[in-house]
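You will see two complexes here that share chain A, one where it goes with chain B and one where it goes with chain C.
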Partner chain A sequence: MAEKTIMLVCSAGMSTSLLVTKMQAASKARGMDTDIFAVSAAEADKYLASKEVDVLLLGPQVRFMKGQFEKKLADKNIPLDIINMQDYGKMNGENVLNRAIELMN
Partner chain B sequence: MATNRKKLVLDHLNELNKAVTAKDIAAALSLDRTNISRYLNELYKENQIKKLPGRPVLYQATLSDEDTEEEDHNKKAFSRLIGYDASLKEMVQQAESAILYPPNGLHTIIFGQTGTGKSLFAECMYQYAVESKALSADAPFITYNCADYAQNPQLLFGHIFGVKKGSYTGANQDRTGLLHQADNGILFLDEIHRLPPEGQEMLFTFIDKGIYRPLGESNETYHANVLIIGATTEKADVLLSTFTRRIPMSITLPELAERTIEERYELIDSFLKRESQRLNQKITIEREVLLAFMLYQPEGNIGQFQRDLKLVCAKAFLNFRTKKSNVLKIDQKDLPLQVQKGLLFIKEMPKSMERLIQQDKAEFTYQPLTEGMESQIKNVMNDTTANNLVRKTNENLLGNYQLEGLGHKNYFNEYVKNLSETSDIRHQMIDPILKELIKQMYRIAEKRLNRSYTPKIEFAFALHLQSALERIAQNRLIEFPNLNDIRKNFPKEFQVAIDLSAMIEETYSIEIPFEEIGFITLFLTKQEEADSIKKQEKTTAIMVLMHGKTTASSMLETVKELLETMVGIAINMPLSMKVQVMYNRVRQTIMEDKEAYEQGLLILTDMGSLNTFGNMLAEDLGLRIKTLPMVSTPVVLEAVRMASIGRTLEDIYQSCQTVLKSSTKQLTSMDVKKKKAILVTCFTGEGVAKKLEQRIRPILDSDNVSIIPLQFLHREAFNQRIDQLMETYEIKAIVGTVEFDYQNIPFYTAYDIFNDEKLRLLKNQVEEELPINEMIQSLTGTLNKVGSVQQLMHFLQKLMQQLKNELNVMIPAGVETGMMLHIAFLIEGLKTGTILRKFSGLDEYAKKNRMTMDVIKVTLIPLEKQYQIAIPEDEIAYIAQMIIENKVKFHL
Partner chain C sequence: MNNFIDKLSEKLLPVAAKLGENRYLKVLRDAFMLAFPITMFGSFVVVFNNLPFFSDDTKGSLGSLFGNGQNATMSILTIFVTFGIGYYLSKSYDVEGAFGGAVSLAAYLILTPFTMVTEGGEAVSGVLSLDRLGAKGMFIGMIAAFIAAEIYTRIVKKGIVIKMPDGVPPAVANSFAALLPALITLFIFLMVNAAVSGFFDTNLHDVVYSVIQKPLTALGSGLPATLIAVFFVQFLWFFGLHGQIIVNSVMDPIWNTLALENLDAYKAGEALPHIVTKPFMETYTVGMGGSGSTLIVVLLLAFFMKSKQNKEIGRLALAPAIFNVNEPLLFGMPLVLNASIFIPWILAPLVTTSFNYAMMAANIFPTPTGVIIPWTIPVVMNGIMATSSVMGGVLQIIDMALIGLIWFPFLKLVDKVNLNTVSMTD
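Our next item is the complex of A and B:
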């Protein structure tokens, strides 16, 4: 099992999947052992139940779900954040990975 | 007990059925006056009684509402005049009193150059007379241009006063004149100076005695009750003094040049909207065109201005027709030469214009408005889009969707109405009692201080007072650091402020602390102060110091010759001269005429020790000094030019730096990216400023923009504070109660901020640009089925803009970025057939959010066509959700 698991959530899990690819590349380049994946908002619960997630990142277009997720994660101690708009637009895997690591520490 | 007394007061008022003061009631009922005031206020709040404006306040039982209704009406007649509450305010007041003057109003003459709107003004006077019931609803309004028949005095005379049969060849029967037709109404005589002497004499008789004699009538005189309004392009002193002596009221309408820049903008705006309505066509105009119209000087005032506008519209319409292009666009090349010349003044453009005209927009559009709603809604949603939406929906382009219940037109009217009602919350914000009180207070202040205040200041003061009342209730006091200075510097205002605070005390039965009176004084002085800042008499001093026998002087000489100005002093420093000698020489020069440096000094140098003079002199002589090194002729040119038109030291410094930067780009490219900030200001730094913050906060991405509340008491101190903040922040805007021009930072009044349209402007100005190019870059190679990614993203950006407009929502820039990416991937997914997901509870959701879903569907139709896809209802619902759930909500 990977050392750290990062879950990205957006509406359909499509646009974040590209970001996942970039993040995976960045992670690999640093020699980190991470499991990064993207899911749609509807599937999120299923994954949260079956996987040990260390950090959860929301696409900016579903920022309104932040409150919902905060509740869901309240007892799990999983940090949560909305992906920065500039990083999202640029699909900057490096920066988003940095932010995820920052949140886990 | 208290309720009984309150009842007693009410009964007493009902019985009296006339307006009385709190004091009267207290005496009549032998009760304490303060308590009575409180009961009266409560009763007023409960709408049981009404207050009559004035001092002291009069109270009366609410038996009839006529008075208040009338007051509302009064505003209507003149409100169609652009500037009725600004440059025309005084004239409107004159006109109102002319109409209302007992018993039958005052005859009036309107002076004004060609095209200043004299006829329209006269029409408004008539309407006002009807609305204020000075004239009956069917009263006649007859207009006549005295230049007609001016060459045939007899005919003209007959026309106005009537003709008796046989009075001249061809007068076969009695004919009534205009005076007769205008009986119990208004006769408007345009170009009254063209009236021949005979006519003038008869008119004077009529004015003096109310009688006249038709042409050919020798015995009988006729009576008529007519209010005469004359208009003339002549100056008052050219016109017969008999004229001005007989006609008691004279009103002079201002030239276009005397109107405010806001009014000019409104003229353009309303004209183009009307024109687009008439042509039933969207009109687009280039930025330069708009600027030219804002800045040129038409000889024929508003009339000429509108003719020029009309001319360019007609030209554009012709192009549009013949070329069959789908936009009606006004290009710079369509402009008449005189209008184009406006662009020459672009550098002297008043700064207030930057607020009116969005800086980053290259084009501006004007759309037809729904009839009858013009006054209500501006830019909310227009008829054509609404109609298109209905039409397209009807054509069933969408397949299974139908509108239920309400007729389509109603459906949208309802929607638009709701929008317009929510869009202006300014009025709901202020407690009606407070609003009334403020109105009274300013009326008194205006009279006593003999100046006028704008609605913006009234609003700002209302906001201030509202939070001050809260503060006082909570017993939280705010220090006013230099109350004594205020009292010394503004003795008159201070006195008025004390009296006004007594009014507040009476209305709210509280005690106003002395500190608060200081704040009230500031609200009363504000305008005068602002004016004195703008009309800076002395110019900023410019000094050129350079090495070499003649370098400085020859450079400055060139500039002075170019600009034909005397501004600026040059001091040469030959290489043999010692630095100390040079310093003394500069110091001596300043000392000789120290007053000339009161507005600050900008020192322009070439290099070396001269750069340090500024700081030393500042300390030595206590002057405000800024220094620019490595100066070349263009910089001197800019500095002298700006100084000679009266710009401030800071402005000039800033502007010159830009010139320097553009010539030496590499040197300054290491600017660190600063965090953005908005300053919110008020006199206390916490009352109004907090309210402003609450209003602005929700629309901004709080990670990226700081909102900094700041106390504003002294302009100088405030400037310095801003300078400090600018080292850490990039200040994008200042919002506050005191008009403020500094370093070209856009300023928004508190009044602006409570208007959704203006708020949106602020948001655009502050918010980060969408990283559209980076988005394109990052997606290229990932999306394979959509053709050009660049084309797609620009398309999506346009659609998002449209969605926001049509739905009248604000969404954070981050969400917009996310949504564009989402839709881009959605298209790809639909093309490859990999997207098939359900929106749970779709039917319910669609019903609840029908309007939003509709607009989205229609807006995305071009996308469906372009990419040959059909976006499923479920996906529309997801998009709707992103907009609805993420949109900016206001908490107030």
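Our next item is the complex of A and C:
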């Protein structure tokens, strides 16, 4: 069981999965034990129900779903944020991981 | 300019959120997703039965051997969609989904004539015709499924259920809980069907087909509506909003129905009735490197630009772009909110869509047959699969050249600005 679980959500889970590999590399380099994974918006409910998620990050292209996710997370105390556009485009795993850690603390 | 863009962006977000959160559109999206693996299977069967180098004889015998791969999937797609609508709509109201799905499917079948007239003019009863379970029945199926699931869940929510005492196994209790709402819902549909056939001597299938489905699909298959859809996808992406997820949730029912109609004609060896279908939209826009068909743009950035910034982003974005994922380019270059590339971003796909439409209308290039191709299949390959012809891939190469020509001067300008800023900071 990993220490922290980070869940990324975009429309199909494709482009965020690219970011996941970069974040995993960044987390490994720091010797952290984190479970990072990407899912599509449609699958998000299923994972939220079955997994202990510590932080949820939305891809900037689905940032219009923020309100919807805020409602879903209302009674769960899981922090939620939208991934910074520049970091997303540059696939900057370091920065996004930093932001995730910041949110969890 | 930037101020204006920011203001517009603020206005767009709530609209996108409304569409993205709309219960019925979401259910419809999920229902089509449920049918997706099934249609994918049917599509692959059609593609392999009709490989471009097979003779007509080979295709014929493959069709009779493996035709059920299509008959049991694509041809009866409406069955899966109606079940999916009932399932997901019930679930969205926190009501057990499987019963809602079954009720929706039954409600739709109640409205379906179990008779058909053969080509010889003979009326046969006790049969369901494939077209009513597929393309022709799509809209009545969606409407019936939504109404049935609405009625069903409302009755369940009102608490009009038969409650079982404690100690009864949950599965048994669930089936009893669904009983009364299901009976009432189906009874309403049966009465409606009896009234329509008794008083008007027709059926809701034919009425919905000619009054709603035909006009809507005719509109959706036309070039103007298609260009408007392409424009909005590009426009929304310009603000960094997922254009397809928003536009497609409205257009998919139409585009999918058009694809099924094409496929039925293709199977029967007739001329394809529509140019614009779901695979046309996928293969000839997203299928060329992602939204905006940007594979060629990535190649230009990686290999024909001088500034380090452009080269880097081009190389980073190349591998995903081959599989039609272009978020690295959209957010990395960025294209999003970048006024200097607004013109090619909007213009290029409008030009290629019009060009492709004209080429297909003139029969110079083949029209997509209606098989559904996963959007992550790389360019040229997806074009060949979508049209069952090598020429389908050739057309994409011409498209990419066109897009490259439109983009090149704008990219050069961005490149020049980049080089200048670097030399200034040095």
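By our rule, the second predicted complex is superposed on the first by the 105 of 105 C-alpha atoms of A that agree within 3 Å, B and C clash if a C-alpha of one lies under 4 Å from a C-alpha of the other, contacts with A are read in each partner's own complex, and residues count from 1 in each chain.
Note that in this section a residue touches a chain if its C-beta (ideal position, glycine included) is under 8 Å from a C-beta of that chain, and two chains touch if they have at least 3 such contacts.
Treat the numbers as computed from the prediction; the structure is a model and nothing was measured.
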(request) Overlay done on chain A, so just call it for chain B and chain C: clash or fit. (result) clash
(request) Scan A:M91 for contacts with chain B and chain C and give back first, second, both or neither. (result) both
(request) Once the structures are superposed on A, label A:Q68 by its partner contacts, choosing first (chain B), second (chain C), both or neither. (result) second
(request) Go through the superposed model and pick first if A:L18 touches only chain B, second if only chain C, both, or neither. (result) both
(request) Give the stretch of chain C that clashes with chain B in the superposition, choosing among 1-9, 127-135, 163-171 or 199-207. (result) 1-9
(message) With the touch criterion stated at the top, can you tell me which chain A residues are shared between the chain B interface and the chain C interface?
(response) 10-11, 14-15, 18, 42, 59-65, 85-86, 88-91
(message) Applying the document's contact rule, which stretches of chain B touch chain A when the two form their complex?
(response) 701, 703, 768, 770-772, 774-775, 777-779, 782, 812-815, 817-819, 821-822, 824-826, 828-829, 835, 837, 840, 878, 882, 885-886
(request) Using the touch rule from the top, collect the residues of chain A that touch chain B in their complex. (result) 10-12, 14-15, 18, 22, 40, 42, 59-65, 82, 84-86, 88-92
(message) Touching residues of chain A toward chain C in the complex: what are they?
(response) 10-11, 14-15, 18, 41-42, 59-68, 85-86, 88-91
(request) Using the touch definition up top, name the residues of chain C that touch chain A in the complex. (result) 13-14, 16-17, 20-21, 29-30, 33, 237, 240-242, 244-246, 313, 316, 320, 325, 327-334, 336, 376
